[in-house]
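The next part holds the structures, each set out as structure tokens.
Okay, so subunit A shows up in both of these, paired with subunit B first and subunit C after.
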Partner chain A sequence: MKWRRLNKNKMKIEESAKKAKQDKQPFQESINEVTGNLTADLNLIRKEIGHNSDVKFREFQMGTTGIRIAIIFIDGFADADVINNHILVDFMSASPKETGHPLKNSSLKDYIKNQALSVSGLNEVRTLKDITSGVMFGSIAILVDGLEDVFLVGGAKAKTRNIDEPATEGSVRGPRVGFIENLKDNTALLRRHGKDQNLSIISSQVGERSKKELVIIYMKDIVDPHLLEEVKQRINKIKIDDVHDSSYIEQLIEDNFLSPFPQVQSTERLDRVMSALMEGRIALLLDGSPFALIVPVTFHMLLQSPEDYYERWMAATLIRILRYFSAFIALFGPSLYIAFISFHPGLIPTKLIFSIAATREGVPFPPLIEALIMELSIEVLREAGLRLPKPIGQSIGIVGGLVIGEAAVQAGIVSPIMVIVVAVTAISSFTLPQYNVGIALRMLRFASMLFASVFGLYGVILFFLLLCSHLVRLKSFGIPYVSPAVSFRLNDWKDFMIRVPLFLMKRRPKLLHPKDSVRKR
Partner chain B sequence: MTSSPLDRITSYQAVMFITNFIFGAGILTLPRTTTEKIKTPDSWIAIIVSGLIITLLAVIILKLCQRYPNETFYQFNQKLLGKWVGSLLSLTVISYYIALSAYEVRTMAETTRLFLLQGTPTWAIMMPFLWIGLYLVQGGVNAIARLLEIIFPITVIFFLLVMFLGMKIFEVDNLRPVLGSGVKPVLKGLTTSSLSFAGFEILLFIFMFMKEKNKVTKVPLLGVAIPFIYYSFTVVIVIGSLSVDAVVSQTWPVLTFVRSFEITGLLFERFDSLILVIWIMQIFATYVIALFIATLGLKQIFSKSTHAFIYSLIPLIYLVSMIPKNINEVFKMADIIGNFSLCLFSIMPLILFIISKVKERKYEKM
Partner chain C sequence: MKKCRPILRNSFVSMLLLFLLSGCWSSKSIEDVNIAVGSAVDKSKDGKIRSTLQYVIPHAIGTSNSKSPQQKPYINVSATGISLEPIGWETTLRREGPISGAHQKAVIIGQDLAREEPIREITDLYFRDIEIRGSTSIFISKGEAARTLESKDADVIPAIRLVEIAEQELTTRALRHLSLMKTWGKSNSQTSFLIQLIDLKKGEIEFDGAAVIKGRTNKMIGILNKEEIEGINWITGEGKSGAVKAFQKESDKPIYYQIESMKSKIKPHVTGNRISFDVKIESEGRIAEYWDPHFKPAFKNKTIKQIEHAAEKEVMRLVVNTTKKMQKEFGVDVGGFGNQLRIQYPNVWKNVKGNWDEKFSEIPITYDVSITIKDYGMIGSKKN
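Entry: the complex of A and B
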């Protein structure tokens, strides 16, 4: 019976939604066109957006002709320079040559377009909706008495910050360029650094209410066309009122929302995006967000840093292996400790087990509880340090570290070995170059600890098998998430655990099916 | 793009399927099972000979499959034997795989209980193992192939490493005399040593999924060669270190061998539990493949593509695995399963191959 009721409810909801749509329809369908009568038009527009205090109307006359002109713009948002130095100057000093006939309709329009107005971006619109939305997005609307076309000039000139080194992804070597919130600046950055005529930047809009520009960036002659089609389709499916940050896009286009692993790479670094494009991947940039999204992504890409390519290959390879090792520790450190201590003490060297047993003397809790206390307090500390202002955050770190490290041991709540294990684990998880991978591993660490406390080493293996089973099923935009560890291709392994010298990396990763596979001749 | 019409696996992944399926719980008892019959240190010769025979059989299976490149065994046997006989044969094969996966799971539980988790009930050990397999099999043939590719290097490298660590207690004298009592005992041991290669028939079912279908003779060759080398190596080392008498008296000779040496100065001193834990992954692989083939068979016989079959198989496997009362009955079960598979898969492909040849000729005459 229950599902029937549910069904009914669903139908009701659908009906009401239909009604709402019908109610809305007449408003949307009545396209108010500009009449050409300036006073009437202005009244119409005033009714629509005039109540906003920042919308300014300015009326004046065109040069000596006496034709009335009005400009509408948003104070502080529209480019004041364009208004003062171009529009006002141009029109007020305009002196169309006397041809005998009064300037009307098409000749007036041509005159304004061809001779009077000295700005590059010029759009002609007719409907009220276009005018108001244009003005709201920062353009300057120019209404000329007697003309049925309205000119929209220029774009918004919002204040932007300077280009800095990204705070979340530091590196010792390499360009210190990160994206900023302004999309135009970001695409310009890309153009300047990727001097390739095949660099394609395709624009689309997302958000039903607050329309934001989202650009799809790819290399036209490298990217797999199927992949591009898939990305476009997924973006077109996004129906949401507003996207505040590119992470909204990430969550709306990812493959599996139940997976703890990030299936889209997000980065502030320009060089990271550039190298991804060169591999045949696709980047997405949203206006208002400094984080670019890169798809598709596989697990090994999340453990790479752009710096791997700036260092010489030996150092880079060793660091990469270190990173895999620390990912392993971050995931399995405490659970292995729990498994060995509570289930298989016989496996540990005898001397070590004696010293561990000695330190654990007097600790009232089983290893799982001990580990949970420590891990939870570390997580709490990390979260607290993140939310507080920077100077206080640091002192929280020191105080917390002292409390956990020293006092907890002194009080006999945890053993010093546990402190070491937890600290090493925490530090290991900091070495991961992508923040969201660190979060994923932190979450999974707790699950792994539970498995270990129930089944010991067998539990750890079970958890590993479960994790692998999940990973092998996971795909990011059609690419297996565990590539290139699987579907063995020697070419792709050159850039997996080890990073071979650059002169040996002659081909782009095959797992992405690039159209042009040659990287270096 | 996200889902191709039919999942495909590469030749390398097919090799992984064969190798991982042959490996299983068997290797842990392999030195004992072969030596019990032979009673001389010549088990390794038996392994080599049977390996060669199995390779031949695997190639015959490949040739048979190549005649029906887009069908699995379940589908083309109906063409060759008629609908009813074919279905009956398929059902037999399916029940064989159910029994096999049940056996693998039970062995895993028994060894785990013995070496890792004393006192934990068998069902508690088996349940999560079964469930994880269920989750993986839902991912289809590609997911399984990828998992095999991940666990194969881990297990094999670790196993070899531990074997090499035990080299210091290896004595060549234990392997002598070679063929001291003639060829006869070796021939007697051939059946048991061939049993350890059960699983080579997997090609009958996965050939349909392969991307490359011509010139793939290397797939069965390599697929059997890897366990072949591995088995010979293990038998040589274990018998060489423990001597024939000790091997025969031990239930898990490989684990006994690993237990018999200690390496000081490393992070770990003893490796028996570790190697068992690592080998659990390999058992998992065998179990998952068997489960996958059983569900594939049910799907294709009833031509329905639902996950319902997997869900219904899990309790069945659990029940079957609980039939043996103790470890000796588990071994008896292993013998029955192994003999059955050897009879079934050594003779049947040959017969089917001949039938298909004959049918083809008839067709040509007409």
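Entry: the complex of A and C
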């Protein structure tokens, strides 16, 4: 059922893509070849892209020969260093001495390629479409009067930022390296940190209009070939005009769009990607996005932090268990409170029930409404804190928290214990190392609260069962989402809820069917 | 679209049925319910039963800001009827909110009622109710039971104080904590047993003696005083701590032995038709109080032996006295002798269990008490 609908969606996307293609047909038919006449060619190009204010045309002569040359580039996008220090210098000082008379087409071209132009990346193109797209992507087009070939030199020199520790995934120990927006830098980082000849980086393009480079990264001798094939297939099926961020890719290749759980892991951390690759997973990097995607993903990965491997195993194990516990609280905290106080007062210890009942005295709302008021205001605060500039955001958090918490209790709208429950729940959800898991649990928390208020503890259990049955069915790229718990493999439990000492983790996770299963001898 | 497979449809329908098992209608918000912590059952003047329920008033407890200083943290509601169930409904006519028995801590039965009605019948409602726990404590009050649920102290909930005293089991002069569930078993097997007796002294409760419940009738037949309870605790070896007088002559200055552990072993002997019991009591402890150490230094082994001996004699006096009371005055076995016989000689037990209490009065019991002093405390022979 579900996949059928999925397919329908995909078909829709494909159809719209086809339509787009058809619209573009007239443009594509007007492919013109460069004639060799500089003035005519320039006019042709001007007509195509000359209306853009940032497209610059520069005409000059080659040395003393009088041969007219024009370069076309996008101001600020093409590498100005190459233009000023190489192209202009080379051509203006060039003096093809040995002949004296005007050079023939072929020898002029050879001369420019072999002697004059001192740049490494050089492409020859002939069609107008290639020239314009080249210029638009940041290359410098060189047109020489009398030559039917146009040289495309260099690539875009994008402004990049420094390689910092990612803001969303901090850690105390471990490399402080995060990906940045520039794909070339990212792949270079991967090469530098994963010094393995089997580290394969395969490029492909996504986006129908704005073509972006997407690389598939994997370990050639570890990854399961079927998995690789599946990933490639799903990426090839993406037919969309533009992908602004790797999250587009994530949403287009995920298995179940109705599930609240993320089925692709996104991370800014280089070490996380490297360790995933070493387990036999596949990473995707999109140009322009600092977030790498890791597939397939299992639920326990989302509750792990790379730091689990940097700390010693005992601390790591305890922290990991703590994280599972806080995930549980983040999901069920308020709903357990609601269930207990409105259905099962008998299950609360006697002294505790007196103090809870005392604080509830005079609260005009039933527990569900009380909890919803607090939870919603926390969510509003969190969202407000995110959107505001950082310094204001923090103060909003503090002021809002204090005001809502303190004043609401003073006014008798909510009970103090409710404030504690909500605060503990919110803080628990912050311990999750992946932001999108936090969001998933936050959404489910509200559903769980509704169940609790209608059915009590029984409802919470029903909700948990529903959630479990969904999770058990869910798959990410053919891998069961809750493995290794379901599709039980004892060997993989070494790195699940506990983290055994490194010397005991001799095998890669079996669930990924790695070609080379030995991690350590 | 293809038709749904029956198994899918059926499982979907049965899953929906799961949601009908509970719902908002079973919601009982804690601020609305009356949390009953104790109840007292008395005989009313017109011969009916008068039941008193103690509800907690949560906002009158503790540090809550809205607390008014004069308000007591509990309220007692009582009504009269021929049994407990109609009385419970009667109380809802007087106070809003349903009654929650899940936190019921104590049931107190008045002496008058306990002597006339079987315990099992009085407490039937408490066993039958799903909410009320089997761990609820049971007491019998010397006077009117309802008055034990009152206290002059502002911050005290009497029912909870009662249970806390019972559960600490500090001294051998009180019985071990007895839960409702245990009385259930004993009543059904027609075993005689003891229930802690409470009394009012100057308006406050005090644990004072024990009510003897005769197995056959399941009614109260008499009272053991504190000293006799000590004897029972030595026989059963169930005490945890307490003191024993360890001097013989009235003219001596006080010496007291503090119990740190006690053990007892009741050993039945059967030769032909004759049944007899040997009880071996062992205890370890320390000297808690010794007013006159100059006279006989505590470091000397001889002195220790003397004190041990004196304590042994005192314990012997206690258990013999209690045994006499059990066998001669009441003719019931409340020391657990029958149970040991049942365990070790099940065939013999089958023959005697019908009239065990009568038979028990005739059986010879010998005691062997040994007490060991492990330390003398902080002061030895030196002058204070």
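Please note the rule applied: the second predicted complex is superposed on the first by the 491 of 521 C-alpha atoms of A that agree within 3 Å, B and C clash if a C-alpha of one lies under 4 Å from a C-alpha of the other, contacts with A are read in each partner's own complex, and residues count from 1 in each chain.
Keep this in mind: a residue touches a chain if its C-beta (ideal position, glycine included) is under 8 Å from a C-beta of that chain, and two chains touch if they have at least 3 such contacts.
Computed from a predicted structure; not experimentally measured.
Three-chain overlay on subunit A, with subunit B and subunit C in a clash. When the two structures are aligned on the shared chain, A:M443 is found in touch with neither subunit B nor subunit C. In the superposed model, A:A357 lies in contact with subunit C only, and not with subunit B.
In the superposition on chain A, A:L504 makes contact with neither subunit B nor subunit C. Shared-chain residue A:L227: touches subunit B; no touch with subunit C. Subunit A is touched at more residues by one of its partners, and among subunit B and subunit C that partner is B. Once the two complexes are overlaid on the shared chain, A:L462 sits against subunit B and subunit C alike.
Applying the stated contact rule after C-alpha superposition, one finds that A:P367 touches subunit C and leaves subunit B untouched. In the superposition on chain A, A:S487 makes contact with subunit B only, not with subunit C. By the touch criterion stated above, A:P345 is placed in contact with subunit C alone, subunit B being left untouched. Stretch 7-15 of subunit C is the one among 7-15, 43-51 or 187-195 that clashes with subunit B after the shared chain A is superposed. According to the touch criterion, the shared surface of subunit A, contacted by subunit B in one complex and subunit C in the other, consists of residues 343, 346-348, 350, 455-456, 458, 462. Only residues 18-19, 21-24, 26-31, 33, 35, 37, 56, 58-59, 61-62, 64, 66, 100, 102-103, 105, 131, 160 of subunit C touch subunit A when the two sit together in their complex.
Note for the complex: subunit B touches subunit A at residues 1-2, 10, 12-13, 112, 116-117, 120, 125, 128-129, 132, 135-136, 138-139, 142-147, 149-151, 264, 267-270, 273-274, 277-278, 280-281, 284.
Listed in rising order, the residues of subunit A touching subunit B in the complex are 226-227, 229-230, 255, 343-344, 346-350, 455-458, 460-462, 464-466, 468-470, 472-473, 475, 477-478, 480, 482, 485-488. Contact residues on subunit A toward subunit C in their complex (touch as defined above): 341-343, 345-348, 350, 353-363, 366-367, 453-456, 458-459, 462.
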